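The structure that follows is given in the form of structure tokens.
By letter and in written order, the chains are A, B, C, D and E; residue numbering begins at 1 in each of them.
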């Protein structure tokens, strides 16, 4: 049995002290190196859950444990935000560099990693642009590059390919699978696209209900095609539909 | 080698307000008389007496040429300051302009005030400094004791010294208390401005600018003060004897490039300038004024005057 | 990043801050650096206050200054926001006024006094004018920068939904978008206005400022301090109320 | 929304604006509405300028004032930004200082003069102090508002990428994000500083301001106007250069 | 033949005066009542094209003609932005109301239309929230509601369903088809999802190349399923892949 790197126990999450909770009774234990997709209706709490795992939002109750490993030159956790969230006062390359600053690596390696990340998202020539000079999809790709550049142990991705056309999306999906295979990162991947979830993840978590909880938690064998794939997608779809609210 | 060096000069920081009454200071510095007496002067200009006093109370300056009133107040509040000599008296004069000056025709009477009010449908506006200050006190003395006008016909407005002149020239005031050299300058700029009353008419021996010194300095540099006063007396004499020369020197300090020496000379010669070094006569004048201040209610207590004066240095300076 | 404090914690901290400040002042006043008559301690204030209120001076002066202050503040703020917005929105107007503004901006209140006297005489209006002037500049610059900084995407949004005309663009996009910056200018003007009350009343217009400068001319420092504290109190209340309103108005900021 | 003007258009417009302004002034001065002694026409300035430069006064005064101005501006700006940022970031500090600030804020420069004299004597430092003080307040408030208005999402971003520590958060997120607002405050302070030069030199420290007040006391209004124009020119250059720098620094704004 | 409502002739578009153009030689004539999908790789110029049609960006060359009909109580054109672009100082309902302000309709009708639009995007209960209190998908739906509330003649939509889960997405797709059928609006619909394009549009335009131009312009019979559908999608995919650059 692999050791788990993310452990949520009886977690409930909400905004503001008086508002009703968004998520309740979340028990989730993620093994090192697994690729977990999180799906669920809009507004159910997927982004919120990710923010709690990233330590950006405090859970109201329950315990959140992240077993970080500290390799020098890497960040334990990084996050692709649903909105690209670029720093408007930094050019693209500097935005990608953001997470690398403060890591104990030389300038040459830093620049190399920035260039490699930009290459990966096919924005090699865009390093000197301001964020406002990018298209929506380009902006999102800069956000992906920024998260990948720090080579994290745990990679949290909030609908990272949401604004990308099919081809760019597929090529990035393939890259992501390659990275996952080669580096053994733990990946939490929020998506609204069930095909994408089934194509990529080895475990799929469905959030649903109001307040939301984990309504399904299924193992999946990624990368398959045809009948089994369809079946899995359809099963998930009905799983979501059953618990569809909001 | 072997030549004995002269004793180190005494350093004195002297504050002044840029008015004509500080002219002796400019002369004794400009003519080099202070240096000859072994005193190294550093002159510091202040915009108003109170600021100079505060600086002196905080030990930042040693002596100053300033109005007598704030010095007395500061003493009453515990500042260790004494008056050692006088510089000028009867500085403040009343100047009028336009309609009002014409209406008075050179002679102020209660009737002419009343007539002006009747003709213009408003009170006579006279600008001066705040209640309790020397200008305000002597103005009131002139109005109500000398001319005996009906208080209902005048409106006394208190403002800063600069502002008084500007307001007078702008026509916002009918009359104002001003002093040299601005009396001369104002008259040159606006021929409608005329003198309504001299300082002596307003308040006989009207106290003016004195020299005040910090107690510490009196203790340590008594000799130097005597020498300084000798130079001061000499400067006062020069003004009387040779106003042209005095004007030329003072102009370097007072009006450098702002006024020509001729204007300053005219100011020295005007009835508004009366330089007197002797402090003895000032005491009764101040006491009279204090009494009047109390009478009109713009001051609460009587501040002991005589003990604020230290005549030793003046007396030593004029002896021999 | 910043947790809002509990109300009573923040009140306690404020009280503590003020107490420390007053104690430091009292200590300085008593230290004898300067004769105590010339630098009064805060403990001298109550007596002075009672005396001035008895004489009726305090009330008169407060009312007079409040009226100069409020009308100057109002005028300066409204005009400053109006001119700042206009300059930020129309390039032609901006270019035409840029250097004239640069010539007028640094002129101190004191230099404006003769003009105030000429235009308004020795009257309340002159004091109002001088206060309005300082307040104007602060609001002008704050508004200019705030309007220039409004998100261009939102202005585009306005055009897309038929709100691109001058009036809707101005009132539905530009001004709300610039509001945080504008309000920060208004707040700075609130204080600057009081700072100017004294200068504005230097030439014979009755009020706190003239009373203060009269008193300071006569070295009646306890009176000076009383009126300084009065101004501080009046400003404190204005500023506190303004902050409350601002918090409401900007509730949409996270 | 606003098309940038061509350079020569904007220069022409500025020149036109200044010309109209000067003509209006000249007309006003000659009309006799204003006593000529109080408002000299701009055409009187060149002669006065030559005379003052010949005497060497102009150069001395300009240098003296520039040194007060620049050091006061620098101090006031740096401290204002520092304190404004601190207050905006730490609730505890904010609460503790809030009412002390409210007490100190409205105190006019004139009332600070005695303290300046006591602390610094009649020295350049006292003038610097007074200028720094006004500039401080403007920057303090502008920075406070700007820092409070920084997008919380970006701060969250900082935490997500290991830049949540005080120093990186401050220098990589908060200050750059608040920069437009901070710079608008700095710009307002640029002008306020010159406005205060006169008040700061009222008590015997040589410089443009003291020369102006001397001249005004002797009703040498052509000299007053010369120095007003000098201040305007100095400020104009400062402000123009600042705007150029600002445009560079804020190139990331659409 | 129906009259065309949008006419672009030889249009070229770029940002900044010196930068190379983004789109060139765009000739496009859209018939009244048609549902046109625009697809193409990320950064190709889809959003830019929409902004030109909406009159928000000036073309560098060529002629752009929009034949607007002015019905009272409606806006001729409205736009769903790729980023939701809500006014942060307006609550959700007021954001939806934004386009209705200035139209000659009564308060009651206005409120009714706002409520209906919010109902349509399933945000009935969210009218009093601030934009920052919404999830990414909720924000996008507010943008959709705002564009629909003004009942425009020409509806321009820039990846309107990009951040929505499958179920919400399908229900909104159905709503959009219904609205299109019932009101005869002209719809320009940018999407990165070829299935969506084939499912919804009666005409599909593919942008590609660098600088981009229209590389394919195909008729489509929407609403079909199965083989024909797949075929169409695959054909488009290869059409994009052929001209994939950027």
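Some points to look at:
Note that in this section a residue touches a chain if its C-beta (ideal position, glycine included) is under 8 Å from a C-beta of that chain, and two chains touch if they have at least 3 such contacts.
Worth saying up front: this structure is predicted, and the values here are computed from it rather than measured.
Counting only chains that touch, the fewest steps needed to get from chain B to chain D is 1. With centres set at the average Cα position, the gap from chain C to chain D is 16 Å. Computed from the mean C-alpha positions, the centre of chain C lies at a distance of 49 Å from the centre of chain E.
In chain A, the residues that touch at least two other chains are 83. Under the contact definition stated at the top, the residues of chain C that touch 2 or more other chains are 33-34, 38, 114, 118, 153, 213, 216, 253-254.
In chain B, the residues that reach two or more other chains under the touch definition are 54, 58, 166, 170-171. Chain pairs that touch one another: A-D, A-E, B-C, B-D, C-D, C-E. Residues 15, 39-43, 45-48, 82-83, 122, 133-138, 141, 158-159, 162-169, 192-194, 237, 240-241, 244, 246 of chain E touch chain A in their complex. Chain A makes touch with chain D in their complex at residues 51, 54-56, 75, 77-79, 81, 83, 85, 87-90, 98-99, 101-103, 130-132, 146, 150.
Residue ranges on chain C touching chain B, taken from their complex, read 33-38, 113-114, 117-118, 121-122, 202-204, 210, 213-214, 216-221.
The touching residues of chain C, when paired with chain E in their complex, are 153-154, 156-157, 159-163, 168, 172-173, 176-177, 179, 251-254.
Residue ranges on chain B touching chain D, taken from their complex, read 15, 18, 44-47, 51, 54-55, 58, 60-61, 161-162, 165-166, 169-171, 181-182, 185-186, 189-190, 254-259.
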